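Labels A, B and C are assigned to the chains in the order they are written; within every chain, residues are numbered from 1.
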Amino acid sequence: MRELREMKATWIIAVFGILFTLAGPSVLELFTIITLAQVIGLSILALSLALVWGFGGILCFGQTAFFGLGAYAYVIAAINFGGSSWAILVAMLVAAAFAAILGYFVFYGRVSDVYLAVITLTVTLILYSLIRRTSGPEYKIGNALLGGFNGISAPPLNYPWDASAFLFPEQVFYVAMLALIIAYVFCSWLVRTHFGRVCVAIRENEDRAELLAYDTRLYKLGIFTVGAAIAGLGGIFFCIGVSRVTPDVFSLPQSALTIIWVIVGGRGTLIGPILATFALYYLTSALGSQSVLNTNLVLGTILIIFVLGVPKGVVPAISDLMQSRRGRKALRARERRLQRRRPSSTHNATTTEGAE
Amino acid sequence: MDLLVSIIFQIVYVIANLALISLGLAIIFGMMRVINLAHGEFLMLGGYTVVVATNNGVNIWIAILILSPLVVGLIGIIVERLLIRFLYGRMVDTLLATWGLSLLFIGLITSIFGASTATTISPPLGVITIGEYTSSGYELFLIGITILLLIAVFLVLKMTTLGLVARGTMQNAEMASALGVSTSRIYMLTFGLGAAVSGLAGGLLAPITGVLPTIGTVYIAKAFITVISGGMAILAGTTSASILLGAVNGVVSFVTGPTLGEVALLLAAIILLRLMPRGITGSIFRKSL
Amino acid sequence: MKRKAHTVLETRGLSMHFGGVHAVDRVDFTLRENELRCLIGPNGAGKSTFFKCLTGQLNPTAGDVVIRDVHVAGREPHEVASLGVGIKTQVPNVFDGLTVEENIWTAARRWHNAKRAQTLTSDAIERLKLGDIRSTLVGNLAHGQRQWVELGMVIAAEPWLVLLDEPTAGMTHEETARTADLIREINHSATIIVVEHDMQFVRSISQHVTLFHEGAIMMEGTMEEISSDPRAREVYLGSKA
C-alpha cells in the first residue's frame, strides 16, 4: 500500500472535508444543508469527470449521461424495492454497465478523442429527448412511472435495510459528504496505482503505451467505467437533494456545466473541479436570482475566457506558480550545496503528487 | 400504393432534413477539421433572422433565402476572426471554445427576445395530396432545395477558384501559403460559408419548427452524428450518412414512433463507427469531395 | 535444420502498399537468436515501413511476420510487444508529462511487481547516467536526452528482442558512441534489429547488415561486403555516378 503513504495532501484535504461535515449542521441553516446535498452530488459528478478526463485523458462530453442514469436507476430501483439501500448499488451498476457498453464501441473502434466527445454528448442528448417523451402511463418500469419531462419524485434515503426509517436532512448531508470524501480518496488512490499510472501514461502518449505492451483500449474502458459509476453515485445524491429526478439531468446545459467545472478547477487535479463546482453553483444561483445577466451568457463567457486564457485551470495554475517559486528556492539551495561539494541527494518527486 | 408513396416521401424528407441540418457543420469540419459545437446556434440564429425580418415586413422568401445565410455567414466570419483563428491546430480547445460560444449565443438571444417562442411564421406553400394522403408542399420544397444546395456546394468546391484554393489550403496549408495564398483569408471564408449554409438551413426550418433560443439542441445531436458517420468528405460523407441514417430513422419512426427512431439512428451510427472509425468516407469513397 | 531452430523472427512475402506505391514488396527476412542486425538503405527504401510492419504499427497488405512461432502480421502493437519485444520508434516517443523515472517505471512495471520494477528503473537510470534528471519532466528535456529516456524504457522492460528505429537520430558524436556501447551491451542478452542511416555507427556495431532498396532486400552481408559492392554504392550515391 505504497500509494496510501504518498497521499499526504489527499489526507489533509479529507480531514478538512470531515471537519466541514461535522461543523456544517451547527453553523449553516437547515435550508443550506438541504441544498448542499445536491451540490455535493454535482461535485461528485465533477470529480468523476476530473478522473476520466483529467487523468484518463478521455474527453467525455456526456459524463452527465451516467449521472442521469444513476439518478433514474436509483429512483426506479428505490420505488420498486421499497428502500434505498440496494438502489444505491443498482444505480452505480447501471451507470457503469452503460458506460462499459458504450466504451466498448468507442475504444475498441479506436474512435479519436474529438469524435468521442461528440458521440458521448450525442448519447446524452438522445437520452434527454427519449426520457422527455415518456410521459404516458404506458411508460413504467415496475411500479415507477417515468413521468416524461415532469420526472419522478425521488424516495428519500433510509437507514440501511430499514426502509421505514428515513434520514433527516442533516443525516443526508453527512452521508453525502461521506460519499464525496470516500470517492475523492478512492480516486486519489486509484491514480497512484499501477492501473492509474498507466492511464496517465496513455493520456500522455497512447502509442508509446501500446508499444510498452499495454492494451490501452482496456485501460481506457476501465477508467471510463469506474468514472461512470462515480458519476452515478453523484446522480443519487443530486436527485435526493432536489427530491426529484427530471430529464434535465441529461440536458445540454448540464453537460456544459460539468465540463466548465473541470476546465475552471483544472485538469490533472481532483480537488480543483470539486471546489469549482461549489463556487460556480453559488455564482449561478446568484445569477439566477437577478435578471440583468443571463446565466448562459456568463457561463459561455467563462468557458471561452478559460480556454483562451487559463487553459490549465485555476488549481494547476496556482500550484505551477507555487512550484516555480519552490523550484527557484530548491535551485538556490542546490547551488549552495554544490559549493560545499556535497553529493546532490535524489528525491522522489512524482507528477501524480499534484493529485491531492 | 398511395401509402407507399407517402411513406417514401416521408423517408426522403427525413434524409433531406438530415443533410440540410448537417451540411454547414460538414463544410467546416471537412475543410478545417473543426467541430463547431455552436452549430445548433447558427441554425437558431438563421431562424431568428427570418422571424425578425418577416415581422418587419420583409417578404418571407427573401428573409429565408437571402437574409438568413447572409446574416449568419457574417456572424460566422466575425466569430472566426475573434475566436476560432486563435485555436487552429488545437482541436480540443476549439471544441470547448465553440461550446462556450454556443452558451453565449443562447444567453444573448434569451436576453434580447426572451426564453419563449418568438412570433411563429406559418409555412408558405399549401398542401399537396398523394391519393388519399396529404403532405405539406413546403416539405417537398425543402427536399428540392436541399438537393440544389448540395449541387451548389459541389460546384463551388469543384469549379470555382475559391473552392480549389480552399481544398488545397486544407490539404497543405504551408504549401499554399508558400504559393502566395492567404491561408488566413481562406479559413475565414470557409468558416463563413459553413455558417451561411447553417444559417440558411435554420431559416428554412424556422417555419416548421418555430424558433426558441434553445432550438439548436434539437438539431445538433442528429447533425453531429451525421457528420461524424459521414467522415471527412463533405458532400459524399453528408449524403451517404444522411441516406443511411435517415432511412434507419425514417423506417423505425414509421414502425414504432419518433422516440425509438432517434435511438435507432444513434445505435446505427455507433455500430457504424465501430466498423468504420473514420466514418463512411474514411473507409469507402475516400477520394470524393 | 539446426539453423531453423534458432530463427526468432521471420517474414514471408511481406508487402505493404499505399495506393499504388509498393513501400515494401514481398520481403523474406530471417533473424537468428542473439543476432545484431542493421537495416540500412537510402531514404524511401522501405526500411522504416518494414519496421512498422514488424511492430504492428502498420497492418501489412500481404505476407506474414512470425516472431517465435507466433503469427503477428496485422496484430495490435501491444500484442507484438507482449511477446517480450522492446520497441523504440523513429521520433522520440515518450510520455512528455511524466518524469524520467516515471517513464522508465511504466515500462518496467508491465512485466514485474512494484519492487522489482523500482529496482530495474533505478538500474536503467544508472546505466544511462540519467540520475541528475530523474525527476525532470521528459517534455522539458533536449532531443538527445529524450532518446536516452526511450532507450531506458526499452532496457528496463528486459526484452529478449529489441527493435530500434534510428536510435542515434539527433545525437551528438559522443552520444552516438555511447549508444553503440549500450547496444552492444544489450546484445549480450537480446536479439536486436536496428534501422540506421549513420554508416559509421552501423560499421561500429554490426556484423550482419541488410540493405533495402525500393521496398525489397537488395543484399545481405557484412558492412565490408556491402560497401565494396558496386551496385550498393550506386544505390547510395545515385545512378548518375
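The definition used in the following text is that contacts are C-beta pairs under 8 Å (C-beta built on N, C-alpha and C of every residue); 3 or more make two chains touch, one makes a residue touch a chain.
Everything quoted here is computed from the prediction, not taken from an experiment.
Student: By mean C-alpha position, what chain is farthest away from subunit C?
Tutor: B
Student: When you average C-alpha coordinates per chain, which one falls nearest the overall C-alpha average? Tell me, please.
Tutor: Chain A is the most central one.
Student: Subunit A to subunit B: how many Å between their CA centres?
Tutor: 33
Student: I'd like to verify one number: the distance from the centre of subunit A to the centre of subunit C, where each centre is the average of its C-alpha atoms, in whole angstrom.
Tutor: So the centre of subunit A lies 42 Å away from the centre of subunit C.
Student: Taking the mean of the C-alpha atoms as each chain's centre, how many Å separate subunit B from subunit C?
Tutor: Going by mean C-alpha positions, subunit B sits 48 Å from subunit C.
Student: In their shared complex, at which residues does subunit C touch subunit A?
Tutor: Within the complex, subunit C contacts subunit A at residues 55, 57, 76-78, 81-82, 85, 87, 89, 93-99, 101-102, 105-107, 109-111, 114, 131-132, 134-135, 137, 153, 157.
Student: Name, in rising order, each residue of subunit A that touches subunit B in their complex.
Tutor: Going through subunit A, the ones touching subunit B are 59, 61, 102, 105-106, 108-115, 117-119, 121-123, 125-126, 129-130, 133-134, 251-253, 256, 259, 263, 294-304, 307-308, 311.
Student: Can you check the complex and tell me which residues of subunit B touch subunit A?
Tutor: Touch residues, subunit B against subunit A: 35, 83, 86-87, 91-93, 95-97, 99-108, 110-111, 214, 217-218, 220-221, 224-225, 228, 258-259, 262-263, 266, 270-271, 273-275, 277.
Student: Using the touch definition up top, name the residues of subunit A that touch subunit C in the complex.
Tutor: 2, 194, 197-198, 200-201, 203-205, 207-216, 344, 346-351
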